[in-house]
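Just below sit the structures, each encoded as structure tokens.
Look for chain A in each of the two complexes below; its partner is chain B in the first and chain C in the second.
Right after this comes the complex of A and B.
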């Protein structure tokens, strides 16, 4: 799952290296509008719906956080 | 042309604008700007002040950018009410007025020649920069005309990123509003698709969201409440929405809860800005909280006696027809908004000018509204002050109640009973008026 998430991130923002161990929000790799697009891409890939209450910066700060969010939303 | 416009060539086939059922790509936009610029530059000198009397449209956006290219000072005027147009233009030495006739033909009218050229406009000419004039309501009722350096304002947006993947925004806020200008410039910088509405009724907006799969809707709390009350969210498929931003007035917590329940997969983001300082990027404490933090390296803030002060790199050069009393000598702008601070976050409590003074005790209408909105049957409420011979002012309210059979006296009794355990006695409305429809301004702000 994490590999796939990295591929989606690379497609969204090819100028950044999402294998780096950084906070993607703090480092400016992802902003509010990136998160809007990322949610749509992840929902389509994993056929889940992410709740609005979970669309907060901390859930998109790392690949691990996003994987956790997807599992919480019912992704397998 | 200006690099901001030249960059449109990088997004050629992407749809830039959807307007009146027609779609226009960034290539179309670029070509239209070129055409309009050649038309303008032969007729309007650089530095001239030009009123652009249109609301959002493909033509209006092209003309706006062509006028920027021609280094004009642009006065966008979206209202069609003649008295309002003349009231605004009488405050500015406007040389030309640009209108579009129903068939699409542009007409350039010369205004009465004025020989005065305010210092602010001279400064823009010296810099070789375009300008933007916006209006805010003055305390005397006369609109205050403020001047932005448009070339510098656009430079602020140029630092933001183009989007490899498209998104669709609905441009809800009006062309002559700082929020509308902000959404326009953000969208053009990111090279994403803008849907321009012809009207702003909730059902029509919902139909556009469905038809064009709008992902981001900037709006106001008043509009969002109308959207809920209209039932449009049930009639139309709004599942494309991913983000709703709101600003221009405080958001009652109870309304935010209702919106979250109605749109469980949408992120709600509060925006903040003033005509004087521009729109500031914010981070909400959470999707259900009305507390926010400024997330903008170009903004400084402080809270002085409960009032929010701002200093930004996108703030106005000054006013054309008013003194800059609300600016301190070192450039801080006193917003007139009262805020609550908690854990490094701010909550907008209300406007200084709306505050009600009951015998020396201060009451913010929004606080009372937030309580009354929780009362069963209340669909909307507006709280305001009215004169009182003993206390100076007293709290009054207009309520839209679901139960049309209840009399004003019955509702007043309910209000007093409900508020007794929730508000100090001086904050409880002494007068309750029933309203049949929610009252709001043309810009979807609560009418007090």
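Right after this comes the complex of A and C.
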């Protein structure tokens, strides 16, 4: 799952290296609009619906956080 | 605050949309983002086009056009109007009220009371609250609720956060007393500690407009705006809506003993398609019952989105049928609220171009 998430992130923001161990939000790799687009891309890829209350920056700060969010949203 | 009104009804809704229109594709060059990202944003947020007035056109211009349209078409008679409630956050002047300007331009009798309310995204609900209250006066039988905003004048064209979604519009809603046993119930809440989530920082008495407040600055997301422009903390507003609206709606439905399946239409304020669809998901309502297309085709005109939603998505069906509807607004303040009412058998429900 984490590899696929990195591929999606690379497609969204190819100018950044998402294998780096940094906070994607604090470092400016992802802004609020990227998060909205990312939600749509992840929902399509994993056929899940991410709850609105879970769409907060901390759930998109790392690949691990996104994987956790997807599992919580029912992704296999 | 819990709300309950009896023997009142909406008898007509007219929405006025400016002809002037631009598409998101035309304006994409204004934003600091590559085309691929902007196109994805367009799809997710539902940005396609928005309608806004030409420079120099003010709130009273749209409002007077709307009322005069009804007068000319015989859908309203001037002598029937007992009061006008005008809800706007983009008044013609600081003083007098826009309602006074409208009163004068329409040549209304001095017995016609006009009052303004400064409210944004919940402005349709607060306007209805005031109109229903005025109808409790013994001589008052018909109140016009005018919702109007021309906030495009205050949004930076280089602000991807706000400009693609902003729209201008006006609506005229006729509200009357009735002998029928109608009931309209609602609930409205406010959290002023978050008043800076949506604001125009300069131009009031706290921070008057100066040449310095007109200077554009770039934020961390590449949006350029000045202190004279509208600023929205988009992520905070999104989180507020997803967190606060579901419990308010649950509280209202529980108090009324209404199951959400009994409601035919959920006609909500529409900041953008993504936010509305996530709210529909949170309250488990099918999208067919909760349209999310107003920003796509018209833009978000603050308190006018609910009447635009009524006219565009239900429209003529409301002439011959009655539906149980839930109206909801959320935004500036921060304020959020909802009403449940029977809406139908209207005298008119239509849109006109300005």
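Definition applied: the second predicted complex is superposed on the first by the 76 of 76 C-alpha atoms of A that agree within 3 Å, B and C clash if a C-alpha of one lies under 4 Å from a C-alpha of the other, contacts with A are read in each partner's own complex, and residues count from 1 in each chain.
Just so it is clear, a contact is a pair of C-beta atoms (placed from the backbone, for glycine too) under 8 Å apart; a residue touches a chain by one contact, two chains touch by 3 or more.
All of these numbers come straight from a predicted model, not from anything done at the bench.
Visitor: Which partner does A:32 contact after superposing on A: first (chain B), second (chain C), both, neither?
Guide: both
Visitor: Between chain B and chain C, whom does A:40 touch in the aligned arrangement: first, second, both, or neither?
Guide: Touch partners of A:40: chain B and chain C.
Visitor: Look at A:55 in the shared chain and tell me whether it touches chain B only, chain C only, both, or neither; answer first, second, both or neither.
Guide: Touch status of A:55: both partners.
Visitor: In the overlay, answer first, second, both or neither for which of chain B and chain C A:76 touches.
Guide: Touch status of A:76: no partner.
Visitor: Quick check on the output: what are the common chain A residues between the chain B footprint and the chain C footprint?
Guide: On chain A, the residues that contact chain B in one structure and chain C in the other are 12, 31-33, 35-37, 39-40, 49, 51-53, 55-57.
Visitor: Hey, which residues of chain B end up touching chain A in the complex?
Guide: Residues 161, 163-165, 167, 190, 215-216, 242-243, 260, 263-269, 281, 283, 286-288 of chain B touch chain A in their complex.
Visitor: Show which residues of chain C lie in contact with chain A when the two form their complex.
Guide: 33, 37, 40-41, 43-45, 160-161, 220-222, 234-235, 238-239, 241-243, 274-275, 278-279, 281-282
Visitor: Considering the complex alone, what residue numbers of chain A touch chain C?
Guide: 12, 28, 31-37, 39-40, 49, 51-53, 55-57
Visitor: Which of the residues in chain A end up touching chain B in this complex?
Guide: 11-14, 31-33, 35-37, 39-41, 49-53, 55-57
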